[in-house]
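Going by the order they are written in, the chains are A, B, C and D; count residues from 1 in each one.
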Amino acid sequence: MPVTSQRLNIVTTLDYALPVPAQVLMQIGVARLPDQRILGETLDIGGLPVAIHVAAHGGVGERAWLTPDSALQVRYEAQIDITRETLPLANLFADALTVLPADAIEYLLPSRYCPVDTLHAASMEMFGNLAGGAAVEAACDWIGSHLSYVPGASHGGTTAIDTFHSREGVCRDYAHLLVTLVRGIGIPARVVSAYAPGVNPPDFHALVQVWLAGGWRLVDATGMADPAQTAIIGIGRDAADISFLTIFGSAFLNEQAVSVELA
Amino acid sequence: MPVTSQRLNIVTTLDYALPVPAQVLMQIGVARLPDQRILGETLDIGGLPVAIHVAAHGGVGERAWLTPDSALQVRYEAQIDITRETLPLANLFADALTVLPADAIEYLLPSRYCPVDTLHAASMEMFGNLAGGAAVEAACDWIGSHLSYVPGASHGGTTAIDTFHSREGVCRDYAHLLVTLVRGIGIPARVVSAYAPGVNPPDFHALVQVWLAGGWRLVDATGMADPAQTAIIGIGRDAADISFLTIFGSAFLNEQAVSVELA
Amino acid sequence: MPVTSQRLNIVTTLDYALPVPAQVLMQIGVARLPDQRILGETLDIGGLPVAIHVAAHGGVGERAWLTPDSALQVRYEAQIDITRETLPLANLFADALTVLPADAIEYLLPSRYCPVDTLHAASMEMFGNLAGGAAVEAACDWIGSHLSYVPGASHGGTTAIDTFHSREGVCRDYAHLLVTLVRGIGIPARVVSAYAPGVNPPDFHALVQVWLAGGWRLVDATGMADPAQTAIIGIGRDAADISFLTIFGSAFLNEQAVSVELA
Amino acid sequence: MPVTSQRLNIVTTLDYALPVPAQVLMQIGVARLPDQRILGETLDIGGLPVAIHVAAHGGVGERAWLTPDSALQVRYEAQIDITRETLPLANLFADALTVLPADAIEYLLPSRYCPVDTLHAASMEMFGNLAGGAAVEAACDWIGSHLSYVPGASHGGTTAIDTFHSREGVCRDYAHLLVTLVRGIGIPARVVSAYAPGVNPPDFHALVQVWLAGGWRLVDATGMADPAQTAIIGIGRDAADISFLTIFGSAFLNEQAVSVELA
């Protein structure tokens, strides 16, 4: 399968007001990965005195600690070349658990928004008789035919169980439900924050990586983004790990914009 | 403070029946750590054909993959010297978030049984005006005076919110609630599985590590175990990460015993 | 269909210890209803000074207020003739909502352990295309083939959602799930406390009444009891309304026994 | 205390579109009660063929069944005289449970959005040492000082536990939390739907009735409405019982307006 390179132009601006000084963990930069090359990148944190960079969850990407007093104004620009081989999932096999890399094991287990233990029986009943990639595709299809994409339908505490029942949500909810169903049949799955063209309304996007046939495979439960055109920011067990901003304190949104264009 | 070495003799036996072959992730061995030295150790997995060892969560300890067909019979014996300095927590300061090691950050975030986001307001109200170790001690005291230790009161899905309201549980519930309250005021906290004398009824034990003054400090929310006499098995975000057995399939308990004696 | 009378001999004994005086709402007596005739009945409340009797939820049966100081020792005996016509549900039609009696409407709505709103989409998907009694029978069949009867698997806070996912529980959990699924497709359903032979282990039993073809129809989601041999105690929206003892204060169980025999 | 009559002019308009015909239970009319007199009242249901009126929950007010095909357009106008004695709560005693009217008992028990069982320990700890009306006032004060009124912060499934932790919501959430805390200390409490001037943004309002000193006492946990100027529509165990529209089917809001003015 020929792999064509895709070039993305990304511009992100954040503008928040803080009632009192806070510590903010930010992860908005595209990760350095073999299948996505950063041609150029600038980060303007609005004159904040310091940003301390640390490795992000799972070693994918980097986070910055910011310490704004009253305003958080950030502009990030990047030009990225994506050269990602995207295999059809249906024919990929699931690895025996015993041969998984040690750091994939945590992506089999329950997490804050992905209570795998609770949804285990339903997962097995719906998809447990299918093999590997075919099961993942069937789970995607179920989500596609049962969920409605409704901005505002979910909130910060919405779990995959909530979404399984309410049948509406946004990209993060779609991702949580897919992750939970896939882990529920014994396949590692994790959540991916990303920039992708075609996301409507434009915003940070959430996709899923599933471990099949010896590697992580990127899939979008919402169907809005093409994994071959998606720039990965970070990965995690669920949304708790990949927030673009985790604010220790409080902050009010003034304005926020994400633009992702195919060059 | 003089640190006296403590010697523990540990014997663990597990006996489970499996209706069909399963893949089992086991973590019952004492971790190799600077403050606990393994004098001798044997693991008998009852003639199972193979055990694949992989690094455990956070790099503390090791897990084994077992693939039993119909029976899981395990005997683990170890003799351990603990030489752990246990500082009084009350005077330890909390590090600024920005100087935390990168791999401590995940222990600030919500996890399956520790929904920090939900309990954040209550945590701040109860303990947010205290500093570092004093806040952790106050949280321990609150738990000690409000919770009753009731075997059978909780179940596999019990979260720290459930325990916060029901006010009863076992070591794992005590640990989850302490972790959630401590993360809720911006201090990293994680769950520790361990062997400790004095646990009643004798069993695997769950304690908590909090990050204070540049290091992980071990504390027992139940008050049953002395951190200076506790042999750490593994660590994790919550019980999901530190199960002594995670069974992919199903299994029935025949018999299980944990003995931990001061030598 | 000939309706044969069934005679039941019932003996119930309760023995609780109270740390401090409490107010206790008790509902253990067989309700006076056209299809169950009380031949004889005695209630011994162990010398407690007074019992105030009030109408029970929905006007079915009676409750007694007891005010024990330190011990609650009760013995109830009754001999009952049941003459209940039990139609096959499958052919019974569902009434239009607009012709329901006013006091049936609350049994369409969500309640503490029957969160109809949450399970609505799944209910409609599974049973919404079937008519009336056929839908109720299909819901019973689904429960029968998916749930395991496991004493101790549930607890006081277990809801129908929990049971829908865990797929195990006792009679109360079976009843809650059936009620929730049936309300979810727009048919009134309520929980019934009762005495029935064949319950194993012997205990108070919980069944369900569904409103079909102009009347309440009794059905047992567990399949253990025969509605034609069941003596109704009380009805309610869910278990919150039909507890045999609701204790305002605290109490410890010494001993409790329920015996129900066909005469 | 002299009781002055208050006159209210109420105009409510509802405009919903329905994708397919539905059955709708509507409760928007002011209830006939001794302390609120209906001077004039008109209900225009937009030419819908029929409205069947039935008694509402607890016998307070009336509901109408509507059967719209594609549009639900309603206009309700009323002029009401309120002559309600509003005693200061602080000095009112709580009745012994044993003397409560039988139909008050259900308002002691857990319901869908008021899981009294879960919040019982916290209720007792915070307010259990206060008597009757003083405890209710203290619970109101706690809510007033801990919750923020934030339209959109809650959703259809939000319970009093959610609000207890999130500390934000709208009138229905304030009411649910107050009801849950008050029931938690053994005082009957129920939710009231009403028209009240001063509600901002203008809408149907939710208040609370608590049973103190032999009667139901009206109180507004939000502090926005004056019970002496409030026209009661209906009462219930929680919001499930007092929805102004319960739609069996689906509907989309075009427009809705509630105007309540002091004459």
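Everything below uses one rule, namely that a contact is a pair of C-beta atoms (placed from the backbone, for glycine too) under 8 Å apart; a residue touches a chain by one contact, two chains touch by 3 or more.
Being a predicted model, the structure only gives us computed values, none of them experimental.
Q: Chain by chain, through touching neighbours only, how many steps does the shortest route from chain B to chain D take?
A: Step count on the best path from chain B to chain D: 1.
Q: Report same or different for the chain A and chain B interface, where same means the shared residue numbers exceed half of all residue numbers found there.
A: Because over half of the interface numbers appear in both copies, chain B and chain A meet with the same residues.
Q: Just the number, please: Cα centre separation of chain A and chain B in whole Å.
A: Distance between chain centres: 29 Å.
Q: Measuring centre to centre with CA averages, how many angstrom lie between chain A and chain D?
A: 41
Q: Quick check: how many Å separate the C-alpha centres of chain A and chain C?
A: Between these chains, centre-to-centre, one finds 46 Å.
Q: So which stretches of chain A touch two or more other chains?
A: Touching at least two other chains: 118, 157, 166.
Q: Please name which positions on chain A make contact with chain B in the complex.
A: Going by the criterion above, the answer is residues 23, 25, 52, 54-57, 63, 65, 67, 96-103, 105-106, 108-112, 114-115, 117-118, 156-157, 186, 237, 240-241, 246, 248.
Q: Under the stated contact criterion, what part of chain A meets chain C in this complex?
A: Answer in residue numbers: 118-119, 121-122, 146, 161, 165-167.
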